[in-house]
Structure formats: C-alpha cells, structure tokens
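One chain, chain A, links the two complexes that follow: it is found with chain B in the first and with chain C in the second.
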Partner chain A sequence: MANNTNHQARRVALKWMHSVGLFLAMMVLCVPGLWIVLNSFRPTVEIMAKPPVWIPNDLNLDHYRAMFGGIGEGSVPVLTYFTNSLIISVTSTVIAILIGMAGGYAFARYKFKFKGGIFVGLMVTRAVPGVALSLPLFILFARIGIIDTHIGMILAYVAMNVPFTVWLIDGFFRQVPPELAEAAEIDGCTRWQAFWRVEFPVARSGVASAGIFAFLTSWNEYALASQLTRSTTSKTMPVGLLDFTSEFTLNWGGMCALAVLMIIPALILTFLVQKHLIAGLTFGGVKG
Partner chain B sequence: MAQVHLRDVVKKYGVLEVVHSINLDIADGEFVVLVGPSGCGKSTTLRMIAGLEAISGGDVRIGDTVVNDLPPRERNISMVFQNYALYPHMSVRENLGFSLKISKRPQEEIDKAVDEAAEILSLTPLLDRKPGALSGGQRQRVAMGRAIVRHPEVFLFDEPLSNLDAKLRTQMRVEIKKLHQKLKSTIVYVTHDQVEAMTLADRIVIMRDGHIEQVGTPLDVFENPVNTFVGTFIGSPPMNLLDGTVKNGNIQFADGSTITAPPGYDLSDGQAVTFGVRADNIMPVGHALPRGEHIAEVELEVNLTEPLGTETLLFATLAGAEVQAKMLNPRPVQAGERLTFQVMLDRCHLFDAETGVALKV
Partner chain C sequence: MKRLKLPQWLVLLMPAIIILSAVVLIPLLLSLYSSFTSYRLTRPDSLFNWVGLFNYEKAVTDVKFWAAFGRTVLLLAVALNLEMLFGLGLALMISKVTRGQRALRTMMMFPMMFSPILVGFQFKFIFNDNVGLVNNALQSLGITDTAIPWLVDGNLAMFSIIFAEVWTSTSVFGILILAGLYAIPRDPLEAAKVDGCTPFQSFRFVTLPFLMPFIYIAMAIRSLDVARAYDIVQIMTNGGPARRTELLWTLIGRTGYVDARMGYANAMGYVSIFLAIFFTIYFFKKLTAARKELGMGV
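Right after this comes the complex of A and B.
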C-alpha cells in the first residue's frame, strides 16, 4: 500500500514539474515577441524607463502613425519596404519550391550517377554561413550590375533555399510509395498526370512546409540583404529596421512597430498553411 | 477479355538477367497463378505484363497486340498491389471512379459503375470514407473494386493477400474466386503461397530463379511434379526426399535399409535416385484405407507429433532422414513409439539424384 501512495505522489510531482518546465520554455519563446508587440504601442519614455515598466500605463498608436505618416522623426518608406519584401520573398519561394519539387522528386525516385555525392554537395552548401558569401556575392553582383535589384535578391535567396527545399521535399516523396504512381498509371494516367493527381497531393504537406520555411528564411533574412541592397528600390523590411537608428538616437518604438508589421504576414501565412503541415496524409493508402 | 502471350521474355538489370526467356500462353478467361519463392522473377514477370517494367527481350502480347512499348494506360489492364496502393487523399468513391474520371467518362456513367462495383464487393456503406479509416480487408476490397470498375481485358494481382491475417486471407481467397466466376475475366495472379496457388488457379506456373519449372493444373503439378523442386514446393507438408541407389528392383538408402521401388519406372541397377513420398502416402497401419495396389510396410520410430484435429502429422526417422507422415482418424501417439507404416508405392516418385528431374516416362 505504502508503495502505491509513493508512486501516486511521484506521478503528481512529475506532472507539476512538467507544467513548470513547459511554462518556462514558453516564457523564453514568447516573452521577446510579446515585448516587441507591447513596445510598439508604448511611448519611448516608457520603453526606456529604468527599472522597466512591466505593466503599460499608456498604450497608443503613435509609432504606427509616425511610421506611415511619412513626415518627421520615425518616418520610413514602410510600404515600399513591405512591397520589396513581398516581391522578393514570394518570387524566390515559388522558384525554390518548383526547383525543390523537381529535385526532391528526382532524388526520391530515380537512380543516377553520383546521386549520393550531389546530395551531400547540396547539403554542404548549407554549411557555409550566408554572411561568409556576402562579400563574394557583392563583388559578383556589382560586376554584373544586379546590386540593389529585386532580381539580385531573388537569385541569392533561391540559391540559399534550394538545397533545403530539395532535402525536405525529397524526404516527403520518399514516404509516398511508388506503387501509388504505378496504380495511377495503370488507371490511365500519363506519368505527368500521375504526379500531379496522386503523388503531389499526397506529398503536398511536405511542399507546404518547405514553402513556409523558404518564405520565412527570405522574409526574415538580414545579413545578405544589408549588403546587397542600397536604396528603397530593393531594401527589404529587416534592412529597413536600420532606418530607425540615427547618429545619436535609437527609435525603439518605431522599430518595434515595423517588426510587428513584419511578423503579421508570416503569422497569417503560417496559420493558412498549418493544416497542410500536419503530415501523415500518406498513411492509410497503403498497408500501415 | 483477352489472351496473354509471353514469347521468350527476358528481363535484365544491367548485365544481371533475372527472367530468362520465358514462354507462357494464357487463355481467355483463364485464372493463372505464378508461384515461386521470393526472387524467382514472378513479380517482375507480372510487372512486365503491366508495363511497369521495361521488357529487355522477347514479346508480350495482350489479345492481338504486342504491348512491349505501350505505356500501362494503353494496355487495358488493371492491377491490385500487395500494399493496395489506394490514393490516400481520395474517398473510396473517388478511388473507385478515378480511372473513369481520368478517361473523361460522363459523371452518370462513373456513378453507375462505382455503385455497381461497390455492390459486388459490399463497399456501399464505406463509399465516403478515406482509405485511412478502413480495415485491412476493406482496403483490399477497395483495391479490387478499383480494378473491376473499368472492365479491363486482364486483371493482374501482385500478392494481394499477403498483408492480411490468416483468417481474412482465406475469406478473401474465396471472394477472389467468386469474383472470377462472376466476371469470367483473364487473371494473372502472383503469390509465394502454394495454398493460394492451388486453391485459386486454373493453371499454376511454378517459377524458380527466373525460369518456369512447370505449368499445369493444380492437381497435375501436385501429382506429377517434374522435379524435386516442384515436389517440395507444391503441397504441404513438403514431399519427403531420400537419396538412394537402385538394387534388384529395390531402392537402397544410405544406411543400408531398402524399400521396394515404385512401379512404372525403367530402372537399372546402381542408378542413383531420389525417392520422393508425400506425408499423405505414409500412414500408420489401420489409420486410412491404403491407396493403390503396391504397398510397402516399414516400422519407424515417431519423434514428434503435430495434431491438427482431423489429422496428425508424425515426424519419424526413415533411413537416417526425418520424414513426415500423416495419421488420419488420429489417436494420441507418444514420442519414441514405434509404429508400422504403409507406404503407398503407386504414389511415390523417383527423381534423378543429380539433376532432380522426374524419371517417370
């Protein structure tokens, strides 16, 4: 009996420790984000206050108004940056996904010479930190004249994302049994139809996750963009954040407001695609 | 409906030849089972008929057309896969109707065909479910339904029952046979299970190492195996094989014991042979009516018994080798007990000791 009570007590204690651990982890993850959102609505005085003011006294939209207002301190060409970011991220994501699907499918389905080597080679490119490439890229882009253009940024991000999308999509296509495409071909599909009507829908959760990751990478990237963009023609939002620093002041509130603006599309996209992120669609079609 | 003809069909992967120039003619409406141990080339042969594997040599004809270079969709076949290969993102109804939808048939026609197939396979209550929500047997039926909706010329089955548990397998076996009787279509069926082959086939094709060993009706291959491989592969338990030499009309085994040679063989003294006898033809005296006129009696010690209800398998030592015998109308037998067995010589087989080829003329 005593033994039983002992185990019961241990279970309760473990449950509590679990909850506390989870709470701490969630704090670490969420507080910075919440702090940014909160600060974007607070006057600079309150943001800078020491000791920090945890519970805000005064919430207003001043930073947003200033940011969009286009005059005076804190005004930044926000909409231009937003458009730049959107064009560059969406285009590079679409291209990276198309290449990733073609490449991932090839790696998952076909045998060819040097397959292992090529795959490792693709992965190795991911091992090089992006910043290390910024100088060579800068020189290269300057020579061919695509510094500070959308094309240049799109190229850089496609190159950055393709190895990753190939790797991720390859993994998902590997889970789709080849018999599905064979069954489709016997059912009257061409090779192409079999891919689009059967294999792609089954693996689309993988394609969707690759898409989100590629989009977020380009959307949030700073190091390369800060080198390869010069002006409002191609500056993206992360680079735009620097506009809030001047020689003597740092406009924290404005920066936070722009950061919130950056977070929103990413959040919306994640919510839209999240149902596809739940993998496991492939189970059931074949013996599980 | 159509015949299928294989003429000198070869399959090579690079330099490795896995199917060696096989010939086979399958009649219209015939149920042919390709059977053999794994790696014997039976699935590869089926996939060549389906168009999923390129044919390295020879011709495959379906009906009057050589289909070697036709893609699967133009061969008018349908196939049931071992793992069912149902489309997981479609409901049962969409799975069944997929092939008709691809060929752009009108919706009413698709609905009618799907309902008909669902009726035949009792899938009607499941039509709106996704494959993930079905049991193994139900998935198997959907896979068959997908195959019959299109009324193809030839049905191909690639080990369709091997993922099911034993009970369901027996049940589905009967359903497949009924389906064949109803549709009267040409079926090529691949399995490694000789029981499935025996029960389903009009004709069995036994394959080994990329060669066809024997083609015949189930009873024919059971009663007249052309070599020791077929003898041991078909029938359960496998045929007992004992090596010996011919001496004065008897077979003398390695340990010196002898048994009368089966009748009807043309034997010469000193010839090395393999003596083959099935468990059904070694029975303890008084436990079944002896079959045939030529009976030899041997006394053997029983080492082990396997009671199966209607019969008991007895493991005994004959000429230094373990043989399996059968006891109908079983009574309990203790290990170590010595019993007199009758060997029905008319049903025994002799094979060449070296090549394993049957000696019967």
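Right after this comes the complex of A and C.
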C-alpha cells in the first residue's frame, strides 16, 4: 500500500514537472515576440522610461498612424514597401512552384543519367549565401538594367527558392504511386491530363506547403534585397526596417509596428499549413 | 527538316537549370574570376588585373580570417547542439501532452516566422543595456544594480548571438523530431517494455535510433543556414565589439563592401562555401547511414 502511494506521488510530481517545463519553454519562445507586439502600441516615452514601466497605462495606435499616414517622425512609406513585398513574394513563389513542379516531377518519375549528380548540383546552389551572390548579381543586373525593379528581385528569389521546391515536391510525387497515372492513361487520358487530374490532386497539399516555404523565404529575405533595391520603387519590408534607424538613434516603436505588419501574413500562412509542414519535411527529406 | 527531340525529363528540368545558371551560376563564375584579380569596387578597371592565387594565399595566412572561421565553427557547434537538445526536449514534452497539442505546435513554430533581420533587431532591443527587456527585468527583480552591457562586452555579445540563433531555430529541430516521434511504430516500444526496459533504456535504445534520421536532416538544413549566418549578427553587433563576434560572412561583407576589396572578399567567400558544403555532405552521409540501419531504403 505504501508502495502504491509512493508511486502515485511520483507520477503527480512528474506531471507537474512536465507542465512547468512546458510552460517555461513556451514562455521563452513566445515572450520576445509578444514584447515586440506590445511595444508597437506604446508611446516612445514609455518604451524609453527609466525605471521601466511594467504595466502599460497608455496603449495607442500612434506608431501605426505615423507609419501609414507618413507623417511626423520617421515617415516611412510602409504601404509602398508592403505592396512591393507582396508583389515580389507572390510572383516569385508562383513561378518557383511551377518550375519546382516540373523539376520535382522529372526527378520523381524519370530515370536518367547523372540523376544524383544533377540533384546534388541543384542543392549545392543553396549553400551560397545571399551576401556572396549580391555583388556579382548587382554587376550583372546593372548591365541588363534591372537593378531596383520588381523583375530583378523576382528573378533572384525564384532562383533562391527553386532548389528547395524541387526537393520538397519531388518527395511528394514519390508518395503518389505511378500506377495511378498509368491507370488513367489506360482509361484514355493523355500524360498531361493524367498529371493534372490524378497526380496533382494527390500531391496538392505538398505543393502548397512548398509554396508557403518559398513565400516565407522571399518575404523575409534581407541580404540580397538590401543590395538589389535602391528606392521606394522596389524596396521590400525587411529593407524598410532599416529606415527606422539613423546614425545614433533607433525608433523602436515604429520599428515594432512594421515588424507586426511583417509577421501577421507569415503567422496566418504558417497556421494554415502547419500540418502539411510536418508531413512535407518528413516525406521530402527523410523518406525521399 | 529534322526536329531536335529532347528527352522529356530534360524538358521538365530545363526551366530550373536555366534560372539557376542565370542567377546563381553565372554570378558565381564572375566572382570566381574576380577572386583571381585585385578587383576593387572603387576602381572598375582593376577587374582585369590578374593576380593569380594571391588573394587565396592572403586569406589562408590572414589571422582575422581564421579567427572568423573559428568563431563560425564555434557558433555552428554550440548552436546546433543546443538546438538539438532543446528541440528534442520540446518535442518530447509536446508529444506527451494529451490536449491542445495543435495549439502548442503552433506556439512552438512562432519563432520560425520571424525574418532573420527582424530577429536581429528584436534581440538588439531586448539585450539593449539601457531600455532592453533583459536588463529591465534583472534590475526590477533586484538581481543586479548595474546595466549589463550584453552587446558591448565581447563574450556576452557572443552569448547573445547564440541565444538569438537558438531561439529562432530550436523549432526547426522541434518540428522535425516531433514528426519523427509520430512516425515511430508502437511494437518495438511495447516489446521493450515487456522485456523490462526502464523508460530511459527504451528511450535510449528504441526511440533515439528512430529519431536519428530526423535529427540529421535538421542538422544538415541548419548547418547550411548557420554557416551562412549574416543577418542576425550584422544587425545585433555588426561584428563588434572590436571584431569579437566577427563571423565569416560579416567579415566577407565588410571586406567587400566597406573596404571595397571585392577580389579578396570573393576568395574568402569561396573558402567558406566549401566549409558549408563539407558540413552538409557530412550530415547527409550520416543520414544515409542512419536510414540504412533502419531499413528505410536510400
């Protein structure tokens, strides 16, 4: 009997430790972000207050008003940056997905010489960081005259995303048994129809998660964008963040507001695909 | 007229090959060429001044380069191992939860949505010695009276950067390991229990080997990212104080853009790219070995 209560006590203790540990871990993961969100609603005086103000007593939308109105301190053309980011990210994602689908399908369904070599070659391009590419790309784009344009940025981001989309989509098409498409072809479909009517719907969720990854990469990229964009015609939001800094001061409140604007679309997208995200990484990576 | 007929797979792969050669390969060849010249941004004609292996010789004998190299490897080793341990712990804790797992998973992925540059600014703010969250909390709790110079002291700055790296990327490990935990078959675990294994033993000898492929995949992805670390460090400390947090790519960026010695910067860049490729191949090798052991096929 004593043994039994001892056992019981240990289980309760373990359960408590588990809950406390989980709570602490989630705190560490969430508090820095939430702090940024909170500060975007606080006036600069309160952010800078010494001793610190822990319970905010004056929450307002001043930073957002300044950001969108383009008035007062640090008027940054946020809406323009937002549309630039949106145009560049969406277009490059769509193109990268189409190219990735073609490439991934080729790797999943065809046998050819140097298959492994070509695959590794595609992947190695991912080892090259944006900083290393930015200068030669700058020289090249300047020659062609697509510096500081949407097209230039889209091209760069498509190239950045293609290896990853090919890799992920390849993994998903492999999960679709080839017999499915063959059956459709026997029933009178062309290869093209068989692909769109049978194979694509099965792998659709995988393609979607690859798309979200590509979108987030373009949405968040900084090193290339900082060199290839010059003015409001093509600056994206990550580059726009630097508009809030000046030589000696930083407009933390305004920066936090822009940060929130950057996170919201990413948050929504990630929430929508979180289930596919796990499946995508597993199938694409481990079992591939 | 004979029409050239390309094989279907080549047609399908063509767009990918074309865009990658245009945007990655050609610029890389350009920079490879410039690494053999004394190219300076300020003097365009120096692009045709061939100096052979001079830049590479200079790079491998440069103390600053090797210091940055060592620091990058240190960051790689410390950050990857910490992320792996925390990610494993997090995934194990979440997999034990019976209710609200979906919400917890979403919370765990929260840091992944942050742009690296945003993470840089965020932690620059949080570790700010005057108005930062960390110092405010420490001072309000009475743990310390003085403002701790998180980003100004050399060692503390490195710690802050590692903290920021680990914060953003633990969830990558967490998610992949969680996916691995879902995929583990029940039978071996039950068999281990029947055979009288303690919980620790069944974790060590049954669960962990199954998780290894997932851990290696995360390692391979992350080692590439950390070897390219630039944004976070650039924003948080800009390589300072006194180059104490200078990593390979911040050094290269500074040499290329600020000192305008592009040829030299490109030579250092090539050495670093080979480092990244080496680590990736190493982890992929491990992955293949782990897969074979589990009979997952290659």
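Note that in this section the second predicted complex is superposed on the first by the 241 of 288 C-alpha atoms of A that agree within 3 Å, B and C clash if a C-alpha of one lies under 4 Å from a C-alpha of the other, contacts with A are read in each partner's own complex, and residues count from 1 in each chain.
The criterion applied here is as follows: a contact is a pair of C-beta atoms (placed from the backbone, for glycine too) under 8 Å apart; a residue touches a chain by one contact, two chains touch by 3 or more.
Note that the structure is a prediction, hence the values are computed from the model and not measured.
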Please indicate which partner A:267 is in contact with in the superposed arrangement: first for chain B, second for chain C, both, or neither. second
Which holds for A:29: it touches chain B only (first), chain C only (second), both, or neither? second
May I ask you to decide whether A:155 touches chain B, chain C, both, or neither, giving the answer as first, second, both or neither? second
For A:44, using the defined touch cut-off, is the partner it touches chain B, chain C, both, or neither? Pick first, second, both or neither. neither
Does the superposition put A:182 against chain B (first), chain C (second), both, or neither? first
For the three-chain arrangement built by superposition, which of chain B and chain C touches the greater number of chain A residues? C
I'd like to know which partner A:129 touches here: chain B for first, chain C for second, both or neither. second
Both chain B and chain C touch chain A; at which residues? 281-282, 285-287
Once bound in the complex, which stretches of chain B touch chain A? 50-52, 71-73, 77-79, 81-89, 98-99, 102-103, 130-134, 136, 139, 146, 150, 163
Sort out for me which residues of chain A touch chain B in the complex. 177, 179-180, 182-191, 193, 197-198, 201-202, 281-288
Spell out the part of chain C that touches chain A in their complex, as residue ranges. 7-10, 12-13, 15-16, 19-20, 22-28, 30-31, 34, 41, 86, 89-90, 93-94, 96-97, 102, 104-118, 121-123, 125-126, 130-131, 133, 136, 139-140, 167, 170-171, 175-176, 178-180, 182-183, 213-214, 217, 221, 224, 227-228, 230-231, 249, 252-253, 256-257, 262, 265-266, 269, 273, 276-277, 280, 287, 291, 296-297
Interface with chain C, chain A side, in the complex: residues 18, 21-22, 25-26, 28-33, 35-36, 39, 47-48, 50-52, 54, 98-100, 102-103, 105-106, 110, 112, 118, 122-133, 135-137, 139-140, 155-156, 158-159, 162-163, 166, 216, 219-223, 238, 241, 250, 252, 255, 259, 262-263, 266-267, 270-271, 274, 277-279, 281-282, 285-287
